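Have a look at these structures, which come just after this line.
Same chain, two partners: chain A is paired with chain B first, then with chain C.
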Partner chain A sequence: MVQDVLNAMSLASIYLLFATGMGLVWGTTGILNFAHGSLFLSSIYITHVVAQHLTVSIFGALVIAMLVGAALAVLLYACGFGVILRRVQDRSSAELQLLMAGIGFDGLLVALIAHNTLSEPFGLSETTFRTSTYEFLGAYVTDIRIGVILLAVALTAAIGIWVRKARSGLAMRAIGVDPETSALMGVNRGRMTLGVMAVSGALGGLAGVFLVYVSASVVPTSGTNLLIKGFAIIVLGGVGSMLGVVVGAVTLGVAETVINTYTSGSWVNAVAFGLIFLVLLLRPQGLFGRTEVRRV
Partner chain B sequence: MTQHTRFRRRALSLLAVVAAGALSACGAPAADAPSAGFPPEIRVMVNNDQTGPAGFAGQALNKGITLAVEQANSAGLFGGSRLVMDFQDAAGDPQSAVRITRTAVSDKRYTAMIGPIRSVEQLPTVPLVQNGKLPTLLSEPNAAGLNVGDYTFLAGAPITSYFDVMHGYLTSAGAKRIAVITDDLPSDLPIGDIAEKWNGVDGTAVTTRVTVSRDSQDYTAQIAQIVRSQPDAVVNVVTSAAGAALISQLRQGGFTGRIVGIEATTSAMLRTAGPAATGFTFPTRFSVLSSAAPSTADFTAAFTARFPGETPDAYAASGYDATQWLIKGLQKSGTATRDDLQRALTAVASTGFSGAQGQITFVGREMRVSATVLQWDGTKNILATDRR
Partner chain C sequence: MSLWYDSNLILIQSTFISLVFALSIQIPVRWGVLTFGSLGCFAIGGYVAGILTLRTELPQILILLVAVACGGFTSLLLGLLCARLDGMYLAMASLAFDLIIGVIALNGGALTGGVDGLYGVVADIDTATLAVLGLIALAIALYTERGRTGRATSAVRDDPELAVSQGIDVRRYRWTAFLVSGLLAGCAGVMYVRVNTTITPDNIQFGALVVAMTMVIIGGWKSSFGTLAGAIIFTWLPSQLGPFATWQTVIYSALVFLAAVLVPTGAAGVFVTLRGLLRSRRPTPDVEPVPARESAPEPHGVPPERTDGPLLEVSRLAVHYGGVKAVDDISFTVDRGEIFGLLGPNGSGKSTLLAALTRMVQPVAGEFRFDGIDCTHLTPHELGRRGVARTFQAVRLLDDLRVIDNVMLGGDRAWSGHQRPTGADALGALERVGLAGTALAFPGELSYGRQRRVEIARAIVGRPEVLLLDEPVAGMNRQERTEIAALLRSLRDEGMTVVIVEHDVELMVAICDRLLALNFGREITVGAPAQVVAHPAVIEAYLGRQAAVDA
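What follows is the complex of A and B.
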């Protein structure tokens, strides 16, 4: 039982780190970034390449991955999302273009990595960090799993407090509610969005390093698999709600652990996503999402 | 004509016969006279992924194919005709593999097809080649249901035909309690079935069998289930990133016994698993470390001469031997018509031949080889048991 709880918590924490960055951008800027999976993947890949040539510790790996994730996210906004948003007057008509830009950027990065790796697995075994296993109340737990749980809790709480309490966090939320009015109130929309993208990309890189230390390796399609789960977590919790992301990640993590423990693993996606589907039938706005009201 | 000239001509004829004999002994059949039965170009479709999830395997297979074709053409095995391979890349997409197959079936210039590689690509293509009567050689035939008719040739030993060697290995190592991990791929499930059948044989007990999804990143729930069943060894037939994760998480979950797997476990995968993968053992159809067959050494030498700095792997050897079967079939048929080639390939299968993978035998139209067992020492594979 202790083992199962630890397993569910560590899985939920990995999902949380990944989905927080994605949810932050979606909830505040309204951009559903379909390239978030490839930002995560590219961060791991570049760190892997650097570690092949230089001595890299776990902290070095985290710094490299976060910088790469942030830089690529900023690049994506500057060359893709930002250009589309400047050219299109009507925000709703830009949504499809933003979606396609994300998919295009994702496809490009994944293809480059697949070409360089021949689609073989790659990881961070070249770094100096080695996982240690501890026995706790009859269960086995590694230092990296304890780290990922603590970090996910601390980081999500910090981001939640920042978004709710800090002035810049309020400005960021204002962009998500009404970009035009927030600009009139003095919020620098472009700079703020760039900042959110950078934080999101850095979180992708952070999640990537932890995931690789937990699961040993990734392949070029790993980002896409995680993207679908991140998308499901945000929709389940409710777009724009940090608490919703936490609850969504925990729900998916617990559901997958229970299914994996008591049934065949091939049912994981069917049952986990079936559960999400059921919740959305009852609450289309997600568990903690706001009901959208349109005035006519 | 002087006596001296006659002597020189006889000596040259004798030399030519000896040279042809030597070429045959090396595995490449002797050059035939130009045959009226062959078109100027004997075209074969190669439907092996060069990119995508199995891109690494397809590229290695295609190198083996290229080597065999270049040897055959330079030896003039088809007289004035040349064997030409049309390399296409389905990139792991079953629909693209089907599209390439439809092209090969409908375009009568193609005499045969080699590939595709992945079971999800193979299963929808085999009915098409059977209906279109296109001789097709599958060099990685690991899924059940591929032998649908007399135009499909399983030109690689299915892993199910030699995986039992691992039972002997585990038994001799004293591992009696075995847990099995598979995913739900059509190519992997039959291997799990084989391991499960070891239950009750030679004192072996299968403690549990778990199925995992390749899309997951965390397998600790299944690992906990395995560890609780207290096995001496784990048979992990899952490969790629999921395979590395399972090996790594087995060790993190407190499992200290032996972990064995399958040939598709690449060095890149084992390297990413780090120290957890040390001792991982698997059977393979081909290894440069094997000294059991001279034809294996001949192939290795020819491969490294053609691709400097590269070492052939099991996929390259499989591609080479599949193409050798095709070449021998074409020579036997003397024509490039599909029906004649189908009969000739069947005839070649009845005798077998020596190839990169050693002595190759057949059960019907299915290739068989004996396996070598390799073990990962943390940086490279070492020989655990050579083929018999």
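What follows is the complex of A and C.
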């Protein structure tokens, strides 16, 4: 039992890191970044390649992954999303273009990695870090699982407080509500958005390194599955709510652990996908989301 | 020829499969329904056909029909699950649906063959059958892109609220989009399993969707011929790549990204732009303003049977937004063949009243009768079909359609009389608003004032019983205003009833038979224009208390 709880919590923490970054961008810019899964995958891959040539510790791996994730996210916004938003007039055709740009960027990174790895699984066994296992209340737990839980809780709390309390956090929420008015109020929208993208990519990189240390390896298609899980988590919690992301991540982590424990593993991905429909049918605005008020 | 045919048989057959599958994505997207459920329906079609072929002795044509029907049914189910979703939410939810189908195929045990999938499905299909199926799909796509259906789908995609006001049942189009997409995707699945004799979970991965989307996006998602071009190019390209074949997915993804950012309308869009540039070198068609005609050449159609009594009766109508009483207890009647004006300062409830009369907002109390029939609970599109036409406060024209098509949209579903208005009627309506010669222009090429007149042409082309105009002359110069006033008078003289909301008091006094003055959602006074504008409470509402005293 304690073992299951620990497993569920560490899984939830990885989901939390991934979905927080995705939700941050969605909540502030209104963009559902379809390429978020490939940012995650690319940071693992680049770290993997660097570790083949240099001696990389776990901290080195985390830093490299965060930098790669942030850089790719900024690149994606500067060459993709930003250009589309500047050029397009109406929101509905922007949605198709944003989605397609995300899918294209995602496909490009995933295909490059698949081409280089011949679609074989890869991991971070080249880094110097080796997990140690401890016994805790009759359950076995690795230090990396404890680490990811602590880090996810600390980072999420920090981001939550920043968004609520800090001036720049307020500015960020403001561009989510009304980009034009906030620009008139002196918020540097372009720089703010790039910043949010960078944070989001860095969180994706963090999630990537921890996922690989916990589960040993990933394959090029891991990103798309994780993307849908991130979507499920955000939808469950409600777009724009940090608390919602936490509750969504924990729910999915627990649900998947239960399914993994009591059934053969191959149904586990269906949980997240089914959850999406359940939420959208019963409570489309999510657990903690606001219902949008539309004017005539 | 036959040698070429034999050695390229697989590619030729694959082209038709790609075409059908790509169209199953293009059609809903072109209708504004961003669903990617095609992949799941493709899998359903393929697996159902495979299983039935392996396990039963049913005739092939029956298997085809059953599998296609399963695809359509699944898609409708998805539409039901996603009934409240739009845009990116719908895209992601439908993607989740695709992945669920993939998980089911993987876990289907002996029925679906698990990881290995189905194999040894006896190939019993000739190229001619594939070609026929491909052409049917293309015909469906082209039919929904042109004429009356094409105009309706453009409206449903770009401005659903406008579509509703033109009598289009938006929800029905949404269901149809899901159904057609599912049927085509299911059909593509059957074609796939027949040609390849196998279908496995690998074939229904997200990557298959990306390839099909490449065809749609690069070819141009607004044009079915564009999608056809995309299907041909991206089916044949891999065999031409030679040593770069392993880079196929990389190249496709890069192209999708670049197209989405730089040329969102794809090859078809570029083609249209180039053609437009070539045309513009030739002498341009006459787009000079022609003065509005004072009277119609001849009213088209026969006026419907008239009943006695007022045409529009509003009684105790109220619309509240939260605690704000935007319209509060308003009653009035409008007689046949009169111009009835609604006057009031900003925020007095005029536009909300108009919105309630077109069923865009739900009144909390009261009712209104149109031609003696209670219309308070009709859906907006039903109201649009009963001869209530309107224009909007802000211009709402469809940028993708030419002016003539924008006008014809107004008569496609909503018309009085016995006959649907034709292109000639639309030209006539344009001539009446003084825009003869602009029929082939796109709305974006016209000035604001002219765009407003196109809206009026769209509203009158179906000869509505009543015309609701929301600030029709805003943004027009004095000359244009005079012309519109003359046009409205001549419409009235032909028997049309006009309800007009406008800030130009001078114009209102000049053209209206009666005025209703509103403030804070309540009636101030109603009556002849001269009396209404001289009413102290009206002057106070417009100019303040002191002005009212001075007057």
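Here is the rule we use: the second predicted complex is superposed on the first by the 287 of 296 C-alpha atoms of A that agree within 3 Å, B and C clash if a C-alpha of one lies under 4 Å from a C-alpha of the other, contacts with A are read in each partner's own complex, and residues count from 1 in each chain.
Going forward, a contact is a pair of C-beta atoms (placed from the backbone, for glycine too) under 8 Å apart; a residue touches a chain by one contact, two chains touch by 3 or more.
Since this is a predicted model, take the numbers as computed values, not measurements.
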{"item": "Clash or fit (per the criteria above) of chain B with chain C on chain A", "value": "clash"}
{"item": "Touched partner set for A:104, first chain B, second chain C, both or neither", "value": "second"}
{"item": "Touching partner for A:221 - first (chain B), second (chain C), both, neither", "value": "both"}
{"item": "First (chain B), second (chain C), both or neither touched by A:125", "value": "first"}
{"item": "Which superposed partner A:11 touches (first chain B, second chain C, both, neither)", "value": "first"}
{"item": "Chain B versus chain C as contact partner of A:140, first or second or both or neither", "value": "first"}
{"item": "First, second, both or neither for A:232, with chain B first and chain C second", "value": "second"}
{"item": "Touching partner for A:285 - first (chain B), second (chain C), both, neither", "value": "neither"}
{"item": "First, second, both or neither for A:211, with chain B first and chain C second", "value": "first"}
{"item": "Of the stretches 42-50, 96-104 or 114-122 belonging to chain C, the one that collides with chain B", "value": "114-122"}
{"item": "Chain A residues contacted in one complex by chain B, in the other by chain C", "value": "114-115, 221, 225, 266, 269"}
{"item": "Residue ranges of chain C in contact with chain A within the complex", "value": "29, 32, 34, 81-82, 84-85, 87-89, 91-93, 95-97, 99-100, 103-104, 106-107, 157-158, 205-207, 210, 213, 217, 221, 246-247, 249-250, 252-262, 264, 321, 351-352, 355, 360-361"}
{"item": "Of all residues in chain A, those that touch chain C in their complex", "value": "32, 79-80, 83-84, 88, 90, 92-93, 95-101, 103-108, 110-112, 114-115, 221, 224-225, 228, 231-232, 235, 266-267, 269-270, 272-274, 276-277, 280-281, 284, 295-296"}
{"item": "Of chain A, residues touching chain B in the complex", "value": "3-4, 6-7, 10-11, 14, 114-115, 117-123, 125, 130-131, 133, 135, 139-140, 142, 211, 214-219, 221-222, 225-226, 256-258, 260-261, 264-266, 268-269"}
{"item": "List of chain B residues in touch with chain A within their complex", "value": "51-56, 59, 92, 183-184, 210-213, 215-222, 224-225, 227, 240-241, 243-245, 247-249, 251-254, 266, 268-269, 271-276"}
